[in-house]
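Notes follow the structure.
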Amino acid sequence: MLKAKVQAEALKNVIDTTSILVDEVKFRINPDGIYLTAVDPAHVGMIDLKLKKEAFEEYEASELELGIDLDKIKGILSLAAPKDIVSLTYEEGEKRLTVQINNLTRKISLLDTTGMTDSKIPSLELPAKIIVNTNELSKGIKASEAISDHIIISADTENFELVAEGDTDIVNLKLTKDALSLLECKETVKSLFSLDYFSDMIKVVKNENIVLYLGTDYPIKMEFDIAEGNGRAIYLLAPRIESE
Amino acid sequence: MLKAKVQAEALKNVIDTTSILVDEVKFRINPDGIYLTAVDPAHVGMIDLKLKKEAFEEYEASELELGIDLDKIKGILSLAAPKDIVSLTYEEGEKRLTVQINNLTRKISLLDTTGMTDSKIPSLELPAKIIVNTNELSKGIKASEAISDHIIISADTENFELVAEGDTDIVNLKLTKDALSLLECKETVKSLFSLDYFSDMIKVVKNENIVLYLGTDYPIKMEFDIAEGNGRAIYLLAPRIESE
Amino acid sequence: MLKAKVQAEALKNVIDTTSILVDEVKFRINPDGIYLTAVDPAHVGMIDLKLKKEAFEEYEASELELGIDLDKIKGILSLAAPKDIVSLTYEEGEKRLTVQINNLTRKISLLDTTGMTDSKIPSLELPAKIIVNTNELSKGIKASEAISDHIIISADTENFELVAEGDTDIVNLKLTKDALSLLECKETVKSLFSLDYFSDMIKVVKNENIVLYLGTDYPIKMEFDIAEGNGRAIYLLAPRIESE
């Protein structure tokens, strides 16, 4: 059973953050909140997301798994103002989730969750932690996209850096310790990533800052709050092996 | 003869309201104002529109019929600010209508009106009259478009309702008597309509409210003011026969 | 050697003004500023542009020619706010120009300038000089584009006029002496131009007014300031010969 009311913008945030990786997802619902994990079809990116019951206006739920087509929720949410209250209701045995916004209702058919495996963010020792301004990061990504489809992310004791190398041109975003909210890095770390995935991930982050965990030839982990701190999302992005 | 001056937004309103059904139309002009009727090529939708001489800044006309390509008027109007004065002039025997906005003039060739028949809104006994908020209606339409291409519009003594049924999902907009400006309905009425047409018609309505007349398996009639009450438009939309 | 700092909007203005005619251009740099000329591949339009050192926040340069791919500069400039400072640096012998905006750097590979000929605006005796509002001109162009791909520009002692003739319709923008900032014209002048080129040229002009020089069956010359008067651009557009 699920009876929940939440501001449209909080739910939209959850859906947008997830839908860059997958079209369908299994919501794992329990009395404490909603939880989901997913890996994209190419197994390059991963998400682990939690929306706590404190993020809701009202929340009552038993343990439950719901298979959701994200586009369907997106569609109905696009008709809501950010502060509109979205009501989600489901009774055991029903084939549809009822989504209501003011006078408007959509009954969304649920997906079979049998084939949806539970992913789990692996525990990784990533030696560098950096808190960086999302807007600065976005500019570095956009400039890089003009010349390459991958990007080197590196850090040392003094700097955090993005570098993209094209056939003839080079783009580089260099942020010194002073330009970062945090730089914890004792050794030089450096990994190569797909620009597409990294760009999609950073685009959905509405927060001023994002926490990055980085190693050498290791995945990058990105962490940020959602729903004003009543939830958090983690992205994990696998490195690409440099061809040189 | 026609010598008329009108605010661009009033004329734009007339053109937009008409062009969802037809590309070309016959303006019937007389000393009291401009009048037009049209049926779309598939004979599903119909418009009956009147712009009274009070809607004009200046108006002088003899009895006249002008065949107009609506896209041409739209093009020149797109260059006008809403409050710009548009001058329309025509002298008996000329082949073009002169449209002037400030220093800019377009002489628009007139169409042969011989083949353009005069339609007339049939008089119908529609038992329900509902005044509904256009914005609410639009949300119901947009949500419905995601899952179906037709829509059931119904009313009873207590509620007005839109329902769309897709293969797996259901969308429903339910407005109780309290959420409506008016609900005059003694028996349950219910008809099925093409969502495309209904959507196009509601989209052009800039008014806060629209008056709907509804029956069972009967056309729906929609009425709204244009030009701040100095004109009015009526749409008639034929029902679709339910396949069940 | 080049070490220059300039507001993004001034540099963007230079690039936009040039890129309607060519994709690549040779910047001729000397201690007084940056200078460029270019002719489009069809030899219909020409530009002559100067950005004086006074337009820069800092400027130090020796005599130099740099072959630039305009799209590359445009790309990096699109990430700058209008007042952001763009730093341009180049040392003799390097293969790339370094463009830096805050923490972001792009090293842009230079093009071989060997094949880039120096054009020169020919000196022409154009009998009419007109200063016209750019916004009025734009409306005349947009209305004309709906019906034709060329335009007649004319002036006499009392009026400046644009006329476009379509198969059935006529568009005309007529500005009397009173509606113009300046009209110096002793005889009637009239030339026909490609609307595409004229439209592209007027679109990039951000100034309130533009100075036009006009003759009969002669090129039109357009002059306007850039970088708040610390630079100026000249377009020359060849006439089309009327087929009648």
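Each chain carries a letter (A, B and C) given by its place in the written order, and its residues are counted from 1.
As a convention for this text, a contact is a pair of C-beta atoms (placed from the backbone, for glycine too) under 8 Å apart; a residue touches a chain by one contact, two chains touch by 3 or more.
Only a predicted model underlies this, so the values are computations on that prediction, with no experimental measurement involved.
The touch graph of these protein chains is complete, with an edge between every pair of chains.
After Cα superposition, the angle needed to carry chain A onto chain C is 120 degrees, rounded to a multiple of 5. Chain centres here are Cα means. That of chain A falls 45 Å from that of chain B.
Multi-chain contact residues of chain B (touching two or more other chains): none found. Chain C contributes residues 136, 139-140, 142-143, 146-147, 168-175, 179 to its touches with chain B in the complex.
Residues of chain C touching chain A in their complex: 72, 75-76, 78-79, 96, 103-109.
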